[in-house]
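In the two complexes below, chain A is the common chain; its partner is chain B in one and chain C in the other.
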Partner chain A sequence: MRFFKTLSIVFLICGLVSVASADLALLKQGVSDYKNKSFVNAAIKFYDLTKNNSLDEELKIKAEYYLGLSLYSLKLYQASSYPIVKVIQSKSNKYKKKSLLKLIAISNKLGDQRMLDFALSAIDVNDIQKSADDIYYFKLASLSYDKGDMSGAINHLKTSIGRNPKNEAALNLLALSYLKKNETENAINSYLKLLELYDGRESSHIKRSYTVLNTARAYFQAKKYAQAVEFYIKIYKNSEAYRESLPELGWTYFYLGQYAKAQGVLQSLHSPFYENFFEPESLVLRAILLNYNCNSEAAEVVVNNYNSNYSNILKILTDWAALKANIIDVMAEVNYANEVLLNEKSKKESSIETIKNYGGKIPFKVTRTMLKDSRLKAITDTFLIIKNESESTKKLFGNIQNSLKPYLDSIYDDRINFYNNQIVVIFNKVVQGLEKKLSYYTQQMMFVNYEIIDEKKKQTRVRSNQADQFTEVSDRQEKNKKIKISSVSKDMKYWPFDGEFWKDEIGNTLYFGESLCVQE
Partner chain B sequence: MKIRHLINIFLGICLLLINFKIFAAEDSSEVVNKAISVKTIKKLNISDYSKIIPASEYSNYGVVQKIELPKSSRVQIKTGVTTVMSDAFASSYGLSLGAVYNFDETWGVGIGGAAYSSNQTSQISNINKTQMQNTDNFLSLKNSTNASIYITPMHGKWSVFNDKILPFEVYLAFGSGQVTDSLSKSSSATSASLGQLISLTNSSAADINLQWLSYTSKNLINPDQLTNSMLLTVSYSIFWPFVENR
Partner chain C sequence: MWANETQVSSQQDKKNKSVKSQNKVDINFEDEVIKGDNNVPEMLLVNSRKLVKYKDLFNKRTDFIDEVESNKDLFNDYRK
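Presenting the complex of A and B:
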């Protein structure tokens, strides 16, 4: 009897050892598959191991870690974050540090700030300080920046730049952090260093153009308007930053008291080439400038133009807020706008045909501005990555019998639902922000309109009393225009404006209008 | 009809009008609260700036832009092909070479020359071959040289398929020179040209030139007769020194 008892125990031990050795063999096979870049097979094996309850906890963590690495290598970043987070949250310290760094990399790929926040809050800075690279410190700085801790951000960025002086993103964020602290000189210096990195790149280079624009903005914030102009006019005309710079250049000339130049800049902006953009502010400035010159007639035309282009948009945005839009409504708007933008990109100019069939409930010029909002852009980009990853899982695991695919599907369904809700929330926030902005400009325009009427009354009264002086103003205007044209340098051409717009003339428009104000 | 009836009719019309006005007011208030139509939204997709400048204000605006192909203090070297369009008796084609020094954007001086190869037209060959007539005295140009003063009074630009913009300028050249005819007789010539310089880059251009040459040539009846030739030249020009991107 005793013999049988001993035998059964021996068999049990042998059985357990054989199971354990089978698990170990599977783990070894998985690691071998991973090293041989057979990531699909490796991921399936590691997933099966993580579901094995009899497996030793330490081995399970190892399986989770390698599952994360395999999925990461398959570019399924969102899915890879799940096992990696499990490793971080486990009691085992063996893979924790590596997992945290991997999670930072995943958050970088997905553009997921919350994931980054989680990773950085779990990480012990002293633990990896020596080995950490500039990107790690840049991420820490981004987090501080988002939390509004500019001094913290600046410290981290200095370390990041110290480790890699050519880190463009770090220099850019450093300048922004200084600007938030209103340390404009430091901000300008950071931008100038960044510009040095772009030396030799084409003037149409998008990052270079935006850095020139940001330098001009920094000078503007420092109230150094003349220097700001120097940078604004350096922006290459075919770059995306150019249109954005025009209203700002208009304001800068306005602050310099160069009203004619400001008017000329706005004339370029209010040309058919930029009619697809949301530009209410520039119309307010234009009306103000014309009213400064006592040119009430022209100013009133601008006010009417503002009303015809924007009064209904305010109502549309208000209606949208009341609509309680769902993800289908929101994505329809995003997709309609993206379709036109893609068309524009491929044809290198706006496609009127695409806009004619535009089906969005929010006008295109508004939606395109909304899509540039960093919050919306970030979340729609992440959403697209996750959707693409979800499609990839079908291709990678759909044809093989495995238990991993349902797990991946559940991850992606969960994340897609999450992002659907987030996109709606952020889209609506952006709509509200724009509605608020437009509402403010509309109020400003009403105020300007009041000023125009007031000035008109005043000037009518004065002119009726001093008709001769008014004739003098007209004569002076014609005379000054002739002087201005004749003083144009020899390597320049003068073209009179007759209602035509030529693309090569953008940014070269001059305003010859003199002040029509007659003093009492 | 009694006056009472008239008053009733008048009152009825008044009531109708009042009612109509009330309904109209109701209608208009509905319009105010109505959702914006798809048509209106479509209109708002793009801003309409077409009437932002009243026509009376056009004169207040102008464009001053850098010249695409600056000529001041630059040497223009041009080479191209030329044909004598006015010669009814021979098909003449040639190669031309020229150089212009531009003092500024309007004035310049230049020299040029062309060498021609001529073939009698089929009609003249026919006279020669079938009717055995001597056609050697049907003169054609052998070469020409001239020195001219250039003046550029006009400039403009073309839009090609609403896509590419080609700036151009129109110039006039007046000068004198020498021509040699197919009998190797040389004589002095007066020349006048009308040309168009189409800018390709800021240092190169296509040049289309119509040149009139007036010179004396030998004729069987009148040994020296005033002859006029019209030449069409298409050439490619390079401007030196080169300039940076503008």
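Presenting the complex of A and C:
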């Protein structure tokens, strides 16, 4: 009896040793697969090891870490974050630092701010300072920036740029942080350094165009309007930044007192070429400019134009909250707008028809502006990445018998549900933001309208007091029409605007109207 | 009947007047009279309207920080 007991203990020990050696062999095989870039096989082996309860805790952490690395190498970033977070939360310190840096990299790939916050809060700056690169400091700066701590952000950004002077994101955020502190000179210097990085790039290069635009904005904030104009007019017409620059250039000319130039810029913006853009501010500015020239009648036309275009939109945006939209409603709006945008990009003629038959509840011109919102853009981008990753898991693991696939499916189902809800929340926030913005401009337009009526009364009184000048004003109105023709040089032909336009006219529109103001 | 009633009431009025006249105090306001002309408001009105017009009701743009902020993610290449 005793003999059998001893024998069973010996078998048990032998069994345990053989299990342990089998686990070790599997771990070695997994590492070998990983090194040979056979990431699918490696991931399956490491996952099986993490589910093995008899495995030593230290080895389990190693398996989790390598599972994270394997999934990361397969570009399954969301899935890779799960084992990596487990390693960070474990008691073992061996893979902690590397895992934290990996998690920062994953959060970058996914654009997941909460993951980044977690990683940065778990990291010990002193511990990691020597090995940390510019990206790490940029992320620390982003965190300070989001909290509204501009001085903290600037310090981290300076360190980031010190480690990599060509870090575009850091240079751009540094300039923005300075603008928020109203340190415009420093902001301008940062933008000029960033611009140097784009030397030699083509004029339509998107980052170059936006850097030129942002530099102009910094000069504008510094009240250096002449320099601002120099940068605004450098923006290439075919770049995305061009349309955005037009109302701003209008404001700059306004401050320079060059009302005619400002009107010319706005005329381009209000041509049919840009009719499907959300531009309430430019109409407000146009009414202001016309009123400054005492052209009350034209200013009133602009006010009416604003009301007919935007009062309905304001109502739609206000009513949107009552609809209690779900993800299907929101995605329908996004898809309708994306369809038109795709048509625009491919320059299909049917894009005009698509807009006419537009199915969205929110007008296209509003949704296209919403899609440019950084919050909505970030979350929809992340959602797309996760959906693509979810599809990839089917391709990578669907044809092999393994226990990893159900685990990956559960991760992606959970995250897709989460992002569905988040997209609705953020979409509604963006709608509220636009509603607030439009309400503000509607109020501004009411003030402008008051000014127009006030100016009209004043001018009427002055004219009635000075009957001889009154005829002079009507002469001037007639003269305005003649100026248009006589101002055009011999090799050009004056073509009065009558709804139609040529694309090359955009940005070259001249305004010939002169001031109708009568001095008291 | 009517005539008698009116005679009685007039006699009562005379009595009341005699009571009031006993408490009468004379006050001379001649030194306190303020003499002045009406001002024509037209000029004043014009000036005051000019003061109101000094500042426009609408807000003028002083910065484009929101617009700059909206393109900050464009420069973040780490996701690619």
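What we mean here is this: the second predicted complex is superposed on the first by the 479 of 520 C-alpha atoms of A that agree within 3 Å, B and C clash if a C-alpha of one lies under 4 Å from a C-alpha of the other, contacts with A are read in each partner's own complex, and residues count from 1 in each chain.
By our rule, a contact is a pair of C-beta atoms (placed from the backbone, for glycine too) under 8 Å apart; a residue touches a chain by one contact, two chains touch by 3 or more.
Note that the structure is a prediction, hence the values are computed from the model and not measured.
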Review point. Which holds for A:Asp134: it touches chain B only (first), chain C only (second), both, or neither?
Key: neither
Review point. Looking at the overlay, does A:Glu333 come into contact with chain B only (first), chain C only (second), both, or neither?
Key: neither
Exercise for review: Considering only touches as defined above, state whether A:Lys315 meets chain B (first), chain C (second), both or neither.
Suggested key: first
Exercise for review: Figure out whether A:Asn214 sits in contact with chain B (first) or chain C (second), or with both, or with neither.
Suggested key: second
Review point. After lining up the shared chain so the two structures overlap, which partner does A:Glu168 touch, if you call chain B first and chain C second: first, second, both or neither?
Key: second
Exercise for review: Identify which of chain B and chain C touches the larger number of residues of chain A.
Suggested key: B
Practice item. For A:Leu176, decide between first (touching chain B), second (touching chain C), both and neither. Key: second
Review point. Of the partners chain B and chain C, which touch A:Asp33 in the superposed model: first, second, both, neither?
Key: neither
Exercise for review: Jot down the residues of chain A that show up as touching in both complexes, chain B in one and chain C in the other.
Suggested key: none
Point to revise | chain A partner contacts - residues on chain C that touch it in the complex | key: 46, 49, 53, 56-65, 67-79
Practice item. Would you tell me which residues of chain B are touching chain A in their complex? Key: 35-36, 40-42, 44-67, 70, 72, 104-105, 155, 157, 159, 165
Practice item. Using the touch definition up top, name the residues of chain A that touch chain B in the complex. Key: 264, 267, 270-272, 275-277, 279, 286, 295, 297-298, 301-302, 305, 308-309, 312-313, 315-316, 319, 350, 355-356, 358, 360-365, 481, 485, 488, 490-499, 502-505, 508-513
Revision key, fill the gap. Note: in the complex, chain A contacts chain C through residues 108-111, 135, 168-169, 171-173, 176, 179-180, 206-207, 210, 214, 217, 220-221, 244, 248, 251, 254-255, 284, 288, 372-374, 377-378, 381, 444, 447-448, 450-451, 454, 458, 520
